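First chain A sits with chain B, and in the next complex the same chain sits with chain C.
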Partner chain A sequence: MPIKLLLQMSLRNILRHRRRNGMMLAAVVVAVAAVVLMNSMIRGMQQDMADAAVENLVGHVKVLAPGYRDDPGIARNFALAGDWRPPDGAPEVAGWAMRVRVPAVIMSERGTRGIQFVGVNPAQEGISFLSSARMVGESLKDASDGRIIIGQALAEQLETGLGRRLVIITQGADGLNREAGFRIAGLYDADGEGMEGFFVFTGVGALQEMVGAEVFTELSIRLHEEPALFALKDALVEVFTGLEVLDWRELEPQAAAMFVFADAAVLIWFFVMMGALVFGLVNTLVTSVMERIRELGMLRAVGMRPRSVVAQVVIESSALMLIGVAVGIALGLAAVFAMGDGLDLSLWSEGVESFGMRTLLRPVPLVDDVLLIALLSLGLGVVASLYPAWRAIKVKPLEALRR
Partner chain B sequence: MAEISAEVPASRGSAGLRASVLAMAWRNLWRNPRRTWLMAGGIAFAIWMLAFSFALQKGAFDVMADNGARLWLGHAQVQHPDFEDEPLLEHLIADVPRLRRSVEALDGVVAAAPRAEATALVSAGERSFGALVVGVEAASEARWSGLADAVASGGYLDGSGQAFVGAAMARNLGLSVGDEMVMLGTAKAGGVAAAVAEVVGVFSTGSAGLDRSLALIPIADFRAAWNLAPEEAHRLVVVVDDLGEALDTAQAAAAAAAAPLRVLDWHALMPEVKQFIDLKVAGLYFLFAIIAIIVTFSVVNAFLMTLFERTAEFGMLKAIGMRPGGILGQLQFEALLLWALGAVVGVGVTMGLVLWLGAMGMPMPIDPNEVMPGLNMPDRIHPSMGWGLVLAACLTLLAGTQLALLAPAVRLRRLNCVQALRTPE
Partner chain C sequence: MSDVANRRTAHVVDCAGVSRTYQEDAVPVQALRDVDFQFSRGEFASLSGPSGSGKSTLLNLIGGLDRADEGAIAVDGVALNRLSESELSDLRLRRIGFVFQSYNLIPVLSAQENVEFIMQLQGVARGERAEQAVECLASLGIAELARRRPGELSGGQQQRVAIARAIVTDPVLLLADEPSANLDSGTTEELLKLLRRLNHERGISILTATHDPMVMSYAKRRVVLRDGAIVEDSAH
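Let's turn to the complex of A and B:
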């Protein structure tokens, strides 16, 4: 039987029951739109976690001295020329920063806290959260600036403020403790309170002077795009023999594992929605087949092959799904764009921050996911039509005609 | 099929009439068993989805909250009114032994343990770090504290002059079991607080904050070094046997104490865990709302089909004087029975699964503590029924199935008897 005729018959069958098929279509649209929306939100969440992990002084790739991760301290250092550039042939990078990062103790008249003391070159920190954090007071001027920037949360804990002096104690390169006073130049406000209480920044030159060695403990590199990660790593491994070259997934295994979780969540959502849908879909198709028993019997009697009967039902189901999926995706994407500014999760801020997300969730629709949803939905349409199709070919022409 | 409706006895009382309408509705449902099962299946699926996911999450979350509480912070705490917001050394509970006696006398309290704490500079050899030094009553805490079970090397505190420290701190300070460490801080009334202790154990919880910054010493040593009176402490940590009653128990405890004190339950002590749970539940509600809509659409569809197939029957009923309202009432009974069937199957399947998995526990696909350390997720989930939510799910779908009759109702009103009777069955 020619495909064109089959198509025509199937479409006409759909149009015979506009209200019923319209209702079915509405259910498909709601399901697909909800899956697209939810999917975009989960992807947004994922992106957020990755961005937060990368911005949080990690970068896409980091170079560390061996052993630094287990025993972070100035003893695990490496030397690097101040005018270092990524090697030729490496993928284009967004920027890099050379830092000294050591554990330290900070003291005010009112309290004592353990912190990470980070020496930075402000000109290089466009790649980390430091450049975009809201700041009260002044930022660091340059790499030799001997003042400090501390988090709002830490300032509150230490009951101190702008312009005041704090004492910082850390270990020098010779293994002896050094103590020095630092004036607060500015207070930063990061998205996560954890960071605010933990990182204290000063000029990298000033910190090198304090610890008594012109060395660095980390080189952090940020890419324009994640896919270039492995090429960059390879290029760096060749340059930095004897040092550890790690990407953010290795440095932040928590954020990386949440990625796997989110991938699974996308599929779970899909199957739950479609599970709910399939009952109605099968019912609609079976009813439409049962109503046409006489007609099908007649078609069989005049020589229509069972194959064509199956094709007719499958086409009918697929056509319904196709329209539903198209409209559903359009509606889902419209909802995503309507939500453009993001969904405010501040009600759950601490829970959200505890797994490295921001409180404003911006949905991110991915073309690949939308295509996957479309394909899976169409596949489901075919599967759902198998039972009705089997019912249809079970019809014996003689019996059907007698009804 | 008109003979079914003809059985409606006009002479019986209204109770009898209702019973026979119900019987008729039930019979009508089974005129098309396939469709009935499909629709009931949809309803059952929706209820199962919500009830079972919630049971799983509840199973996970209860343990998560309980483990989290038992790890360090307790189910509830009683503190000086300002201590939580301003953890200063001076913000003390004046008479801890009395408070403790009244708390321990309460029903449901497993343990109540005092703690005193201060930030201090902890040094070993040439290295120093800032740490939170906490004085604990080792004998009492060892019985329930998760920290005492998280020993990475050595053992828990069991005598004076000892310290039990986090793994990251031990690594940062280059400490191992048997080494000596020095603690320096500011004592009450401004003096210098100094203490020396031998590290008897190192703990590793997976929570970076605890492992990096916590050092435990016996509370008597703490009081001596920081110049506190023997009855003073900063917190009384309360462990209860029923998570849900933690706040009530603690509040009863505070009321028992004469001094003004502040009570915090685990929601306040671990807001991140509470919010994580709330966020998950909000997501679940959204999922259920969508599924309820989809299932309702399918039910509307099924009733439209029913109506279409039974046009002649309804036309006849109308012709012999039944009002559209009466016919609709009959359909409402059918919808009610359909819902009941779905609800029974949905709740039944969920209960079966919950009983089965509740007994043996469902293993998690990946170790959740690697993914989210600090949230203390269990590695096996023992689902438990959340009946309030099951009821809410059932009622939502009941409303949905009844609302689904709106479209058929409109059609019924417009039904023209003469034309309807001519429709072939």
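Let's turn to the complex of A and C:
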């Protein structure tokens, strides 16, 4: 049977029951728009978790001394020239930072806290959250700056403020405790209070002097694009023999697990929404088919093959889905762009931070996701039409004509 | 059906020893008993009889819409009991025209599109299709209704469109099941004059199942069934 005739009849049959098919179409539009919006939110969360993990002093790839992760301290160190550069042939990187990071105790007149004391070169910290965090007071000037910057949360805990001196105790390279006083240059405001209470920064030269060794405990490298991660890792493994070269998924397994879960969540959400919708679609199509069973019987009586009847029902379903998917995607993307400034989740900041996310969630629509939604929806439309089509051809022409 | 497809026989329909039993609420009901019936080319015959006599059953068996339990039926030389469902579909499409009691036009297509529909199934080219459809509608006096949909037509007009759809491809046999059941007497007479003209002028073989004495009076041959058997077969 000519496809043009099938199309013509199918489309006119859709228009024949405008209200019923209109309501079905509206349900498809709403479901698809909701899936597009929700998936964009999930992708936004996913990207946010990954960015937060990478910016949280991790980078895409980090070089550490063996055993540092189990027993972090200045004893697990390695030497690196100050003018180190990524090896030739490695993918182009966004930047790198050489740091000293040691566990320490910080004390004010009012309190004592355990912290991570990090020596940084401010010129290299464009790759971490330190460069974008809101700052009260001054940032560190250079690698030899002997002042400290602490998080606002820690300042509140220690009941201290700008310009005040704090005492920090850590273990030196010789295994003996070292104690020094540091003046607070600035208070940083990170998205997560956990980070604010945990990281204290000073110039890397100042910290090396305090621990008594011109060494580093980590080299953090950030890429322009994640896909280059494995090539960079391979290049670094060849250069840093005897050291551990780890990517952010290995260093932040919880964030990596959430990242993978988000991929699955996109599909789970789709099938929950569209799966429920399919039942409605099947019901609508069965009703439509049974209402015109006589007509379908006549078509078969005059010579239409069963496969053409099946094709007609499939086309009707597919056409409904096609229109619904197109409008739904447009509506979903419009909602995504309307939320371009992001969704403020600061009311639930503690819960949000526990997932490694920031409090401002921006939806991120991905072309691949939208295409997947479109293709899967159309596929579901075809699947949904098979049962009604089977019902249509199960009835023999003569039996259909008698109804 | 290829070996017999093109064989031309004197009888357009040949039924020999045909029986058909239905199950109604698990009770067997014999609708036809050992029926022999031949129908020649160019004939116009009516199958009549009381309800349950088997006339519609015989018509449906001849039209390939149902299968006999026993006996053989040949249409235009083709033995129906040897055909698969798809071959039966093809036979109905190319050799038989159907006119139903309730017209059974496709409501979403216009009158002309309904007539063209069968030709589309046959794969006739678009230009030729439209030309034949218009010509056929004109020959039945309803050319001006070509663009109207069935819902915009009277019962008589719809039945004319149904006849146009049935004859536009020059079938060897036109089967009409109670064609006048939903028509008033005036419209029925017009319809019967039309069928008689088609039978005379175009030599179309017409077999109709009917209760209507007026339809019987227009047919040249009257076949009466009772309790699943032919009890009278007369020409007039």
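Please note the rule applied: the second predicted complex is superposed on the first by the 401 of 403 C-alpha atoms of A that agree within 3 Å, B and C clash if a C-alpha of one lies under 4 Å from a C-alpha of the other, contacts with A are read in each partner's own complex, and residues count from 1 in each chain.
Going forward, a contact is a pair of C-beta atoms (placed from the backbone, for glycine too) under 8 Å apart; a residue touches a chain by one contact, two chains touch by 3 or more.
Remember, predicted model here, so these are calculated numbers, not experimental data.
By the document's definition of touching, of the two partners only chain B reaches A:275; chain C does not. Looking at the shared chain after the overlay, A:267 reaches neither chain B nor chain C. Applying the stated contact rule after C-alpha superposition, one finds that A:401 touches chain C and leaves chain B untouched. Using the contact criterion defined above for the overlaid structures, shared-chain residue A:343 touches neither chain B nor chain C, since it reaches no partner.
Of the two partner chains, chain C is the only one that A:13 touches; chain B does not reach it.
Of the two partner chains placed by the overlay, neither chain B nor chain C lies in contact with A:231. Shared-chain residue A:299: touches chain C; no touch with chain B.
Comparing chain B with chain C, more residues of chain A are touched by B.
Shared contact residues of chain A, touching chain B in one structure and chain C in the other, are absent.
On the side of chain A, the complex with chain C involves touching residues 1-2, 5, 8-9, 12-13, 15-16, 294-295, 298-306, 396-398, 401.
Every residue of chain A that touches chain B in the complex is listed here, in rising order: 19-20, 23-24, 26-27, 30-31, 34, 38, 70-73, 103, 105-107, 111-115, 169, 171, 175-177, 253-254, 257-258, 260-261, 264, 269, 272-273, 275-277, 279-280, 282-284, 286-287, 345, 347-355.
Taken together, the chain B residues at the contact with chain A in this complex read 34-35, 38-39, 41-42, 45-46, 49, 119-121, 126-131, 171-172, 174, 185-186, 212-213, 271-279, 282, 286-287, 290-291, 293-295, 297-298, 300-302, 304-305, 308, 365-366, 370-375. Residues 60, 63, 65-66, 85-86, 89-90, 92-94, 98, 100, 102, 104, 106-109, 117-118, 120-121, 123, 165 of chain C are the ones touching chain A in the complex.
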